[in-house]
Amino acid sequence: MKYLTKLEGEEREFTIERHGDRLVARSGDRTFALDMALVGDGDTFSLLVDGRSYDVVADVQREEVVLQMLGERYAVHVEDERERAAHAVAGHKAGGRRELRAAMPGIVVDVKVAEGSQVEEGQTLVVLEAMKMQNPLVAESAGRVSRVLCKKGEAVAGGALLLEME
Amino acid sequence: MKYLTKLEGEEREFTIERHGDRLVARSGDRTFALDMALVGDGDTFSLLVDGRSYDVVADVQREEVVLQMLGERYAVHVEDERERAAHAVAGHKAGGRRELRAAMPGIVVDVKVAEGSQVEEGQTLVVLEAMKMQNPLVAESAGRVSRVLCKKGEAVAGGALLLEME
Amino acid sequence: MPAIRRILVANRGEIALRVIRTAQEMGIETVAVYSDADRTALHVRRATHAVHLGGSKPSESYLDIGKVVAAAKKSGCDALHPGYGFLSENEDAAQACIDAGVEFLGPPPPAILAMGDKVEARKIAMKAGVPLVPGLQEEVDEARLAAAAKQVGYPVMLKAAAGGGGKGIRIVREEKQLLEAFHMARAEAKGAFGDDRVYLEKFVTRPRHVEIQVMADKHGNVVHYGERECSVQRRHQKLVEESPCIALSPEVRAQMGKAACDLARAVGYVGAGTVEFLYSEGRFYFLEMNTRLQVEHPVTEMRYGVDLVREQIRVGAGEKLAPVAEPRGHSIEVRVNAEDPNTYFPSLGRITRLNMPGGPGVRLDSALFRGMEVTPFYDSMLAKLVVHGADREQAIARCQRALRELRIVGVSTSLPVALRTLQSDEFRSGDYDTGILDRIDKRPPASRRELAMLAAAAARFLVTERVGAGAGGTRAQGDAAPRWAMLGRVERLRRSTP
Amino acid sequence: MPAIRRILVANRGEIALRVIRTAQEMGIETVAVYSDADRTALHVRRATHAVHLGGSKPSESYLDIGKVVAAAKKSGCDALHPGYGFLSENEDAAQACIDAGVEFLGPPPPAILAMGDKVEARKIAMKAGVPLVPGLQEEVDEARLAAAAKQVGYPVMLKAAAGGGGKGIRIVREEKQLLEAFHMARAEAKGAFGDDRVYLEKFVTRPRHVEIQVMADKHGNVVHYGERECSVQRRHQKLVEESPCIALSPEVRAQMGKAACDLARAVGYVGAGTVEFLYSEGRFYFLEMNTRLQVEHPVTEMRYGVDLVREQIRVGAGEKLAPVAEPRGHSIEVRVNAEDPNTYFPSLGRITRLNMPGGPGVRLDSALFRGMEVTPFYDSMLAKLVVHGADREQAIARCQRALRELRIVGVSTSLPVALRTLQSDEFRSGDYDTGILDRIDKRPPASRRELAMLAAAAARFLVTERVGAGAGGTRAQGDAAPRWAMLGRVERLRRSTP
């Protein structure tokens, strides 16, 4: 099976095949001998790559694979061949619309913009209070606020859509 | 619901009822106010008995409840009213037959008796090797060996019936 | 003074557990208090008794002096330990305990009041001969703000007068940011402390945050247990602390210790306290005194072989301070917060896996358990990892080893940032200041990223393969979620709703 | 001597992890070896490299000198750490390492050989002026057995000449038990060590088992790190160890330390070793020398602030021993075995829950993880809980506290027995001997039993109630297993079969 992996702007393609107890992974002209065993408690792998040992906790939710290994945490996007083909057909539907979502549950203590506001990159749009900290949520790039979906004093869930920009 | 509990030869009867968020337990003329909450990870209870706090891990397998609390481990037999009635009907089918079972997986390194042997209390019947220790399994009381179900050199599973006595 | 037999632990999380542990070792009973959200929290399960206070908001439970002190009285407690945060620096709580005949395991109310007001504290420090950072010794208002800042000179800091723990602090580098920062600092101060007074001082360049642990008994004895270096901070919240601070000369260390003890004496201090200083280029300046046990107190405990909570309880019972042992080796603490490692936003969720570190020289203080829900109601600190080694190099290596062993799955944590800090040349050299975290690249090393991508692809391969085999070669719905992930969901459904 | 850059860890379980931890802290790579049963064991996952050896039986893997040394060579290791058990006291293994140019982190083969043969060891000790228990200094055979026992006087002990760790030891109180005990001791000795020679000695009354930790470098320096008291034993397997031993006077302690160092010098010792003594009524007798790191070495580490594995590696690299620090406080270790608390039979199964202890002064050395299968192939020890306190009383209280925090579900363990030991008047008084465990009531205190029965009834009530509610008021099959138990089963099914 062929996989396209993406991590923080980088991409790598791997072809993985089973050879008996072992797996063989290829990327470009390099080959890795893998011995990968699921540990008893379900979300952990013991991974040997050419004899080097890694203890990997993996949360695999379809294309989103969140790993913990060597003290690091990685959110890797992994598409297999079929998914890649499907995504190519679906095309890029997202367009120019951008969303501001609450990164965590909290209380909206201030909304600094209104529908139609022109904002600059870095400008504070909404102030969200969570865990007793005031967190200013800022515009990632310049644009126009097309919809405001929250109001001052409102409690919002994590991931809630707060406003949309164009 | 009424429960008969047995632990190491002692018996206690409890009647437990729900009163809103709390439970009330009665045993004889005593009453206990219980606040019992299942902890997020599924096999642990936070139990408050008249305000005293206990952290209880409970493995409930029908009538067998294995508890860990305050550093101790308890295997408590708990029958509810219906089970008690059902057991009374079933009667005492066990009779005078006694079994010797392997307390753990191991290798039978010696069988010291044959079918028909008369044995005394404390006499070694079978020697089982497990975890590199030789464990002599002895007769709990005097009797006659009616069946021998294992032989020297044989590997046996935990709980395997090794011999029967009358 | 009567012996202490039962203590009300007026807190939650790891610090409540910390107090319960020592009390248990001393044969003292403990009464936990809890909010709705904390019914199954570990501090409730480990205490000998537990009393429900009220709603999950702190104001309805842990901050409600009336409820807390009533619980102490009703449950027959002869003492109350406030932990840190919540009521620990609240003189009304201390007074309410005294009025109820319950020993408050902290300083007398006047000492809390004096040190709690940062403006007042600076005046007392000045009088006691403790050096101060240049700035205004009083509260500023909006009208005088710009003029005052200009007079002190940018960059300046705005700090909550009632503050502590980094809340309500803003650094301002130029006048145009001044007004918004002032309003935010006041809003945060109001929210966190119910008091929106803010004062202003010079922002010292390349400062290190160094603090002295002091302890005083009721017989007039004041001792200190050396210093802690707490310069690794983000958003003015400490992340990594160590002891000793290698920047201090023996002379400066001795002066700092003496200054801390002088201040404690000047306010009639009793119990455990911490005097915080800024250190820069051979000089130190008084910042504030925290009139409670500090989060990072284990760093001191491991070096001095002392149990500071035990000393607090002994002092509360009227006993004299035990002699201070010679410090040994080096220790480091890492705070593990539930937060996004890049944005520092809180990360909420359920802990689905917990691997604890072990082996020599490692201590973990936490109230974490598998299945625990990280809620938005309370502080985001999940655990404190503390290590001790023969010297600084060994302590740093040990801390990295333990950080790799400690695994928390279910929320994002500050663990990777702490690991990167310990690996950085700047931290390892020892020549760092409070700006260190801004200079550290928080991304995983490039060399590891490809490996992670390979592991991720292989994990998907294996899961897909197992699902195929496990389901007898068929799949229920085309691109079904792996059986494996399903099991994860089933487990999540187990959550308690009693 | 070249620096050590990569170590083959020729062991499994907690001791393999112990070595890996120190190596990691020293920046040294580690190569784990593993049997079929240990593919996903923690030592494999924590090492930097891993090499498969063979079948799950020790003889096919960890005991196979050829395979182990070949793995060391092939993976480019410059040293090998044998841990304890397996090849740690095998002079052929040590020689094979030397022949392969791999530093064996243990004593030279002649020292292993001399101390490994208990008859030979007694001769050397006698020559070095170390006091001995009265008995036969040579192997006994069946023909001379009864006469020899009568001569020494009952009770007598039969001990494997090649023994260690309590295996192949029998106490015989009267002649009619002698023959069966002799055969069993020989069979066990044969099985455990491949050598069925047995010797005989007087059984000392009310003996305490006290041992000295020694360390020697390649420059002729020999030091000791005081004693460990290991009298809490069942079936000659230690269960609780402490340091210091409160029965020793400073004079006896000094004599014992000197005797241990004298013996180490007499055999040209290098590395870590333990000299075991019986102590009774002011006198001590040499028992044996264990030419390896001992299970209970952390008790010493916590008191002396030393990392003995680090010292082993340093000595192996040709460095000189670091000076021995002054000991501080008191420490206690509890071995946690998978066993029935009453019969001491091994308990096998899968670990479904693991709560680790934490807080001040607590160390856990284990290779346990949730989901781990306890198999019959290896030793039943799951973990070592070690605590340190300012004095013995505090250490005992702390150990009890930590024992209650440590929870292992899925197998029975020795934890309740250890807790009862620490709570007993005999242990707390300090006036105990190797018979203590036979005198302690291992049943939970009567006062607690009713509470357990109440909790069990309440647990059933709650589970029944929840299943009713969760299934919308209906039950699939009459008296269905609770949903809750079902979930447990699903989790068990997750077990790896890759």
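Labels A, B, C and D are assigned to the chains in the order they are written; within every chain, residues are numbered from 1.
The rule is simple: contacts are C-beta pairs under 8 Å (C-beta built on N, C-alpha and C of every residue); 3 or more make two chains touch, one makes a residue touch a chain.
None of the values given here were measured: they were computed from a predicted structure.
Colleague: What chains do chain B and chain C have as common neighbours?
Modeller: The shared contacts of chain B and chain C, listed by label, come to D.
Colleague: Which chain's mean C-alpha position is the greatest distance from chain C's?
Modeller: Relative to chain C, the chain whose C-alpha centre sits farthest away is B.
Colleague: Roughly how far is chain A from chain C, centre to centre by C-alpha average, rounded to an integer in Å?
Modeller: 30
Colleague: Give, as an integer number of Å, the spacing between the C-alpha centres of chain D and chain C.
Modeller: The mean C-alpha positions of chain C and chain D differ by 38 Å.
Colleague: What's the distance between the Cα centroids of chain A and chain B, rounded to whole Å?
Modeller: 50
Colleague: Identify all positions of chain A at which a residue touches two or more other chains, and write them in rising order.
Modeller: Only 36, 38, 41-42, 44, 54 qualify.
Colleague: Provide the list of chain D residues touching at least two other chains, using ranges where the numbers run on.
Modeller: 46, 369-370, 462, 466, 484, 487, 491, 494, 498
Colleague: Quick check: in the complex, which residue numbers of chain D touch chain C?
Modeller: Chain D residues touching chain C: 17-18, 21-22, 24-27, 46, 298, 301, 305-307, 325, 328-329, 355-356, 358-366, 369-370, 389-390, 394, 397-398, 401, 405, 462, 466, 484, 487, 490-491, 494, 498.
Colleague: Along chain B, where are the residues that touch chain D in the complex?
Modeller: That would be residues 1, 3, 5-8, 10, 12, 14, 16, 18, 23, 25, 27, 32, 34, 36, 38, 41-45, 47, 49, 54, 56-62, 65, 67-74, 76, 78, 80, 83, 103-106, 109, 127, 129-136, 158 of chain B.
Colleague: Write out the stretch or stretches of chain C touching chain B in their complex.
Modeller: 32, 39-40, 44-51, 75, 350, 369-373, 491, 494-496, 498
Colleague: Considering only the defined contacts, which chain B positions touch chain C in the complex?
Modeller: Within the complex, chain B touches chain C at residues 36-42, 44, 46, 48, 51-55.
Colleague: Along chain C, where are the residues that touch chain A in the complex?
Modeller: 167, 184, 187-188, 191-192, 235, 340-341, 343, 345-348, 352-353, 376, 378-380, 400, 403-404, 407, 409, 412-413, 415-416, 419, 443-444, 448-466, 479, 481-482, 484-485, 487-488
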